[in-house]
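Chain lettering (A, B, C and D) follows the sequence in which the chains are written, and residue indices restart at 1 in each chain.
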């Protein structure tokens, strides 16, 4: 471990923090704090990307880091906070499965993710090869969060956390995607967020609540 | 200029039919144009088809390849002797039916006449294409177009619930059957991927795969023909359809299934195992007995005929089974005898069953009644229909001197040879099967006597029957044509059997023509005159001579005086039409003797009833034993599956998640 | 080739049938009367009756159709044809190829259908009742009859009645157990087919039990005469068929004029014994309920099938 | 004039224009006109490709070969007919008060933008852009699904958004893995997501990574295709959105998603010998087919039922491509085409029928033949066609798929047939009483556009009996490229 260069250690540290934050989000009941955690996760992602950019000196990684900062640390949390305020979303978010169980499942998922990513990580030539497993774990934890939460807004946060995981994977495994793709992805995320915002208002108008258990009417009988 | 081959003529006829059908769309609501102009043209095309088939029968096989079809598999067509037999059947019988239909269709509810004409003529064209098809794709396309067009014809009067139900069952069974046929073709290609029939012939299948192919074909074609247990559509669809369509379906379409079965089992598969024949024989016997038992207890005239069709299909399957048994032991001369019986019965049944269905059509038009309980005495107002129907009844009951008897006679002759089979069980069991055939034939007589007696004889059960009118001239022409066919086939069977020789020779290498030709045109002795012979001409002449001579003698020696008086009423003055036996009453002995065969719901009146009502409803056991359980099973599975879609998005997400994780854990290249 | 003797023999056989049939009926009636301790009607009573009926006017019920008037002639024609095919005196019948044993069953079937239809024609309750019962008996009897014929045809390797008779009459005396079964079955079938006790009673007009008589209630005059005559002919035909199949000895061969001369007295003797036996059986049996008839005919069918099986099992092994 | 640029630019510009002027009286004409122009230019592009072979555009960013140009033509065609159909349909909805002018504007602009994203997805050479376009296609349609703003439509749109969003996120992960694998071979030249480059080196991609990547891609894009058990969004979205949207979702979006999977499968096949990708697809295909078939019989909503039918057909197509080989690929392509044409035709007919009867509940729709024979016959023939009745083209492709399966995967044939049989029984039982029978429905204010229905069915009929030789060549070439 000591032979690992500093950059790699830093990136691994960031990745570990991201994973930790993912767990924290899984355990967090309050929406506002959830959004904050998400912003923090984005920030760690930004840091990781930045470290990577300095190490490799690739320009597009700098752009990517900037994009992450603007989008995930500032813009999206801001929109989310606005939504939470405007829609008067109450704090408590009671999950479908209780928190300890969720955490246990999350642990299992991390094991699975690490195992799945193991053979790939060994192939990786980049400095941050260990982080691919973490990225996959983050994606899976976000997925789990989406499954276990009741509120529409927490699902969205979960969705965005998933994107964080994907970005981490892209950065750690491949030094980031081509710029045009990254831009496209960012645009999609942004537009998606805006549409979601529109959507939240529509949903609130219709159901007087953002609780998704109202939206279980379409089913096979 | 190259000379026009028979197959080209047939293609032209098929196009002609299609064109005639499309022409009807020009004026879909113009009944006169469609019925009086287009249908006779269709009949002419039918004559052309029949005549072409007659010319082609006995010649060399002709092939053609069309530009349409799949890129790798264009439509291959082939006209050989087996196909030619059925082409004749299609042409001649459809000509009669079309002419009848020209007089039959009139303004009414339901599908517009132009659309009806399109469906009708597409039906004819697709049947022709089925007979000509020489690859799996062409066959399946024609086969399903045939099913579709007849489905639309069946549902002409789709405003009625039961007709829609009939159509649904019909199309569903047809589709399931088609799937089996397609599978059978697939098996027969033997993995070579050559879906032309020539390719299938070239394959040398192992006994196992050959058996699979045969059984699939038996099921698939059986579904179209109405073999047990996939017969359920038949008694529903036939009564639902307009009568010319019922006639066409029963008379011609069912025969295409027989054609298909013969094509597969004797031509395409290549090998024949003895037990195939036993399976076909057993299925045929069960079907025949079932059909005839149910025919006797029906109260709807078209249902009765539909069940009678099931019975006849059963007899045909018996014949095919016998052919296969003989063929598997290389007793080709006997196989040829059985096959001739099959082919002849196809022709005979096509003639008389169409005739009977058309007669019900006239009755239906004249009385608006299908229920036997409200008919009676129609021989008075409708003598033409009644007397022509009599020909159909006699032929249908398998009695000399008409066509039905000849095939039955040939079949029994074939049965008489079965003790010669070199198999210790078969040579004892198979002859006994003849007894069941005999029982079937006799019961058919019962059913048809009921049919005829209740509709045409006795007193009119409803007052409005007095206003019934006889068939119109075009209808009469169609009826006379078919009755003539029945008579001709019955009286001069030798001529037709000599023609059929080409088909049996093609499939089995043997035929009956030499023997038949030795005896002259009047005597039918397929093996030798010492062994068995039948001369329907002599037969007819004797009876006719006795009739005329006896009448003459009686009138000369005595007198011809007639007095009229009321029927003897046994001293009871209220012998109205209601005192006659009803349709239900007529079949009461059958219901009583063979009770367990039927699923009956009866309601007996008690003495205290103000308005005593007796009802009896006979249903098919197969619904309750086979079809409803399957439907329930499918319903149960889908209810189970429907739970998956519970509406909760978290659960949906979990499905994807679990799928993903499972794949990640399990799937390895 | 149709020889002159053959042709004459054919004509003679038919004429004989027409002449003898009422006599056979009369003889059975007479025997029966004796056995039942009644005073018997004259032997020639059936002739008187036919004569009388021919003289009488036909009384047609209202609503009777032309089929009603045709049917007696057709039935009569069928029976004449049957008599022409069945060898009574000689097996050299030029007409025999017209119909073999299977066709013979068809001939009887045709007659049955016409008489049943005619019965339904007027539309009285009795007519239809008779018609349906007749068809019921018919379809039960027909398979049994066919099985009997099958057995015989398999023994003789032919379905032609004449050939069967020739084969059976001129073979060495081998005892075929199958023939015994077939014989019993045939007897039972003939009783049913000819409307005799125990299936039907020709002498009754008791509403609930009658079959044949119910059908012909509306007939009168010459029509009735023809039907009665046809019934006699049918009985005669069945008797001759039975005799030909089971007691064929004495039936003349082809071109054997002497045998022909001897055949006639022999036939008369055989018919007389047969008629007496019929009367005896009718006397010692009681009329069955109509729904016992299926059992009766089912037994006949079973016996016939048994005969066939016995034949296949025991007699074809060689 | 560059047909390619036109093909992409027309819907984009029209979408932007309509987003500002979509409520004007002439807006529907613009919609139809733009769609028609798109189709014409797509046809021009097709002719160009057929004549001159594959080409690039914008450097190597876009690549048009004989496979995707065919989908471009099909997409543009169905887009055009849908636009024609939607004109009176939307007007009727407007007359019924179900829509406001603002939403009409939204509909028109989003429709054009949706077409644009699909065309981009089809023509791009970059697998990353493909992903972006797929996501954009979701985004453009999600508001269309909730166009009526009913609770049910909102719920459907929400599910659509979340499920597809999550699904497509998996696809992104797969794309990243693919990029990762490719970068090891192609180096960091920025070409590692270009399909044309990838396909050259597909044999040397790392199998472990490719297998993982393909799983993610299959699950991800498979969600959009509607493969069970990720299909749950599909029936809701189809049933609750406006019918033109259902038609393009079913007829086009599913195809495009499947197209994405196909592109990835080619790469996976190169890297993974032994047919790993194909086996997975066959498994998903069969499972989807069977699940959908059994879902069908419980449906009450007409559009929902046909949505399940789409799932069923996607299962068949996935199975076909999973089998691979020239014949099966050919059949798969043909089936995709036929399904697009026929299913959109059915949705057109269904849309009019549901509008006439004022309900989507099948038990309340009766007697279409009486209300409007053309709609009735359209629905009836379309249903029969989609159920695989000859002589329609669906039968031709099913015939090929079945025969191919019988030859190479005989075990699958009974399952396929079971699915097809159950689907037939279920759908036909529902459709027949709707078409037949009695009814007293009123006339609609705007006469329905029936022509698209019959044009589609006519094409399907033609393809069942005679596939034009150039189309055959084209299919063959595409099938060959799929390996």
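The rule we apply is simple: a contact is a pair of C-beta atoms (placed from the backbone, for glycine too) under 8 Å apart; a residue touches a chain by one contact, two chains touch by 3 or more.
Values in this document were obtained by computation on a predicted structure and should not be read as measured data.
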item	value
Of all other chains, the one whose Cα centre sits farthest from subunit A	C
Gap in Å, rounded to a whole number, between the CA centres of subunit D and subunit A	31
Length of the line joining the C-alpha centres of subunit C and subunit D, rounded to whole Å	78
Centre-to-centre distance between subunit D and subunit B (centres being mean Cα positions), rounded to whole Å	44
Inter-centroid spacing, subunit C versus subunit B (mean Cα positions, whole Å)	35
Residues of subunit C engaged with two or more neighbouring chains	none
Two or more partner chains touched - positions in subunit B	642, 644-645, 649, 653, 664
Sequence positions of subunit D contacting 2 or more other chains	158-159, 162, 166, 212, 235, 295, 298
Which chain pairs touch, all of them	A-B, A-D, B-C, B-D
Subunit A residues touching subunit D - in the complex, by the definition given at the top	116, 119-120, 123-125, 136, 139, 143, 146, 152, 155, 159, 162-163, 166, 169-170, 173-175, 177-178, 180-181, 184-185, 187-188, 191-192, 195-196, 198-199, 202-203, 206-207, 212, 214-218, 220-221
Parts of subunit B lying in touch with subunit A, wherever the complex brings them together	642-650, 653-654, 657, 661, 664-665
Contact footprint of subunit C on subunit B as seen in their complex	376-377, 379-380, 383, 386, 390, 393-394, 397-400, 405, 409, 412-413, 415-416, 419, 427-428, 431-432, 434-436, 438-439, 441-443, 445-446, 449-450, 452-454, 457-459, 523, 525, 529-535, 538-539, 542-547, 550-551, 554, 557-559, 561-570, 575, 577, 579-581, 585-590, 592-593
Touching residues on subunit A, where the partner in the complex is subunit B	96, 109, 112, 116, 140, 143-144, 146-149, 155, 212-213, 215-221
For the subunit D and subunit B complex, residues of the former touching the latter	158-159, 162-163, 166-167, 170, 207, 211-212, 215-216, 218-219, 223, 229-230, 232-233, 235, 272-274, 276, 280, 291, 294-298, 327, 369, 384, 387, 389-391, 395-396, 399-400, 402-403, 406-407, 413, 417, 420-422, 424-426, 428-429, 432-433, 435-438, 464-467, 469, 472, 475-476
